[in-house]
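Before anything else, here is the set of structures, which you'll find just below.
Two complexes come next, and they have one chain in common, chain A, joined by chain B in the first and chain C in the second.
And now, the complex of A and B:
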């Protein structure tokens, strides 16, 4: 366990600078976007201001109007892309490049699955770190918004309303705990499947790509089948959920078992 | 003792090791010689579990590596394997953090001997200094066996000299050394045993002293017989 924590720490430190830069970009870009857009709403209001007129209908602005803009969303998309890239980068950087660090990692005197779990954990920490930072930015961004946009046209929104399911943010940070655990549970299983495919490729090269594709197809089949069974046998909602959870657990266990065997017995440098 | 017993290794359709058997004993320097592409590095990688093999077995002090990976071996590959953006002292810290067998005093002694500045970045090292650092990383582990892959490859005269002198130092004493090289003249006088590999097959396996005494032949004579007929 001590080795696992030390490896997680080591993995985190290796990507830390890029991650910090991305977070810095997120904070800066979103703060500037909120300030600039809020200011334009304020200017528009001030230019057309006539005493006694009701502006709420025509000029009303919610916080989510600002945060659905490109300037706000682009850094989020950038971070998502970086983290998707990191899923592959975290493994392939060990083999590719001038120095093959895979030698050192695979020679470490403990079970190689520790490397797998350390990489998975650091990725999850980065993902959840982003979510926490985005949520923690709400008070700051909302303060910028409320301090610039005049009260006459402003419709205040709570954090929960801001994270409505019809926006990208609502999809990324579901306010409902069941939705949260479902989407991130599926996400974690998907990452474990991709890790297994990468390890298969690193062990058997071209043949491994074929095996990886077959494994992905099997996982998709298992997951989809849980929905089909639910439909065909007219199961209750709760039974369907249990079936889907069982299929996800099966995929995860299978993925871990294959990875365990391959990384300890078949992987090659 | 490292006991390599009839191992075979296939890459796609090419058999790179064919029924390879030899032993490495503590206190002896064994050299695996062969021209490029004969399977020397692959042999070292199979012993360290960095590449699986198809048939045969490898026993380290009597225990099959199929059952248990041995931590009693250190491996010095033919190139630097620590990340380029790491400083040498950070590489040492990595070893200290993860290897219970890491010997800090020995590492410090070797740094002195090799005259290396530990604040340098790995990526900024010359080939000679990178080879020296790789050796320090490998030799500073308290292991009974050390595997060295082409320790003299592509380095300058003075670095070669430093590394060559290591083989007769206390850093090596009592340990079982297996090295690969095709620059045999660098180490011929230091070797106890030689295993000649040609096209994945062991063609000769002999003790150098015995060969000199009984047949009056040097290692280079043996190599000529193998490769030039």
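And now, the complex of A and C:
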């Protein structure tokens, strides 16, 4: 356990600078976007202002109108892309450079799967960190918005309304805990499959790519088969959901087992 | 050692704890709805105490199931799994099917429509249309009978006699067990014709006694038959339609006609056009009611004399939407907004008219207008 914590700490610190830069970009870009767009709404209102006129219908603006803009969403997409990149980067960087760090890492005197779980944990922590920062930014961004946009045209939105399920933010931060565990659970399964494919490739190189593709195909087959079985055997919908969850658990266990075997017996540097 | 790992420890603790706090905050927010209940506005409070209303609510753009009684409102988020598993629906028919599936797990496999099921204290019977020869035409009727006492199932298939036409599409609209004979109403169609067929089956001999077309219309007349009936409490309790009558509407050449099938007599009769000009049919047990919203009147139709009698006239019939009929009571709903925000439905008025007394016996409401960003989307069932 101690080794696991050490490795998680190690992994966190290795990507920290890039992560901090991305978070900095997120905070800056989103704050600027909210300020600029709020200002443009304010200007539009002031230019057309006539005393006694009802502006709510034509000029009303919600906080989400501002945050649905490209300037707000691009940093989020950028961070998602960076974290997807991190899934590969966290493994491949060990083999890159003059002195391949993988030698030292794999020769450490503990179960090599600890490395695997440490990498998975650090990725999850980075994701959760992003979600928390985005939620925590709501008061700041909402303050910018409310201080600029005049009350006459402003429709205030609570945090929960802002995280509406029909927006990208609502997909990333679901409005109920069950959906949170479901979506991030499926995400963990997908990452475990990708990790296994990377380990296969690192162990068997070109042959490993083929094995990796075959493994992905098998995982897809297993998941799709759970739907087909449900249909053919007239399973109840609840049984089908259980079958699909079982298929995801099987994929995860299989990924861990293959990774365990390869990382301990076959991997080469 | 802790100092060395303080960054990671702090980062992980803050991240995980914040997410936990966030969802605790979300749940606490939603829990506020528990104080909402069915409020009695007028009439007999006991009527309101017996009510249990299921529906669908939006709060902060997220969807929730709601279950309201005179004591409390229970609210649960509609999750992604609910949506894919079909648990989202709280409509009476879907709830009936789910209840049957829980009770008779083996028998109910692959059975999704309440109209193709019959249930009484002894049997649960299913009728399903299919093709015997694996062809696109429907030519067989499979009957499955579950004996509740012995917990045994027997099934048999029967050929549907093809006379002049072959049917390509078919659905079972009603199943009833009458004096050990099964009556099955089927809606059959092909590109040219739509027919309502009644099949009578001897259950013991597993034989088709009779199959006759009760009504047919040619599609070149742009005909559409839609069979409808309003479910009642008896329907819910036994999960089988024990009504003597089944109403259906036909639209031929863009003109609609209302008919009633007398299931026991095996005949169809048309309701007088004069009576049906702005009205719709309600069936409860062996009674046929006609409700005319335009004048706010409820009539009882007598099959023997083909005459209708005015039972009551009430503003409620005109103003509100009829939702349910059970135990000779009509349940009406009215969706509206609050005075501050009229465009968003936050209040549902409930009114109960007693057919026998000829008056409104209860008036109540469900009001969620005090919760910002909330909206009642629809009521799906009343018990």
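The criterion applied here is as follows: the second predicted complex is superposed on the first by the 261 of 269 C-alpha atoms of A that agree within 3 Å, B and C clash if a C-alpha of one lies under 4 Å from a C-alpha of the other, contacts with A are read in each partner's own complex, and residues count from 1 in each chain.
In the analysis below, contacts are C-beta pairs under 8 Å (C-beta built on N, C-alpha and C of every residue); 3 or more make two chains touch, one makes a residue touch a chain.
Just so we're clear, the structure is a prediction, and the values are computed from it rather than from any experiment.
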item	value
Room on chain A for both chain B and chain C (clash or fit)	fit
Touching partner for A:238 - first (chain B), second (chain C), both, neither	second
Which of chain B and chain C A:246 touches, first, second, both or neither	neither
Partner chain(s) touched by A:14 [first = chain B, second = chain C, both, neither]	first
Partner chain(s) touched by A:265 [first = chain B, second = chain C, both, neither]	first
Touching partner for A:106 - first (chain B), second (chain C), both, neither	first
Partner chain(s) touched by A:224 [first = chain B, second = chain C, both, neither]	neither
Superposed arrangement, angle subtended at the Cα centre of chain A by chain B and chain C, nearest 10 degrees	140
Partner chain in contact with A:136 - chain B first, chain C second, else both or neither	second
Dominant contact partner of chain A by residue count, chain C or chain B	C
First, second, both or neither for A:213, with chain B first and chain C second	neither
Chain B versus chain C - smallest C-alpha distance in the overlay, whole Å	10
Residues of chain A contacting chain B in one complex and chain C in the other	6
Complex contact set, residues of chain A against chain B	3, 6-7, 10, 14, 97-104, 106-110, 264-269
Chain C residues within the chain A interface of the complex	4-5, 7-8, 11-12, 14-16, 18-19, 22-23, 26-27, 29, 60-63, 77, 79-81, 84-87, 101, 105, 109-110, 372-373
Interface residues, chain B side, partner chain A - complex	45, 48-52, 69, 71, 75, 77, 79-84, 94, 97-101, 122-123
List of chain A residues in touch with chain C within their complex	5-6, 8-9, 12-13, 16, 125, 128-129, 131-132, 135-136, 158, 160-161, 163-166, 170, 173-180, 182-183, 234-238, 240-241
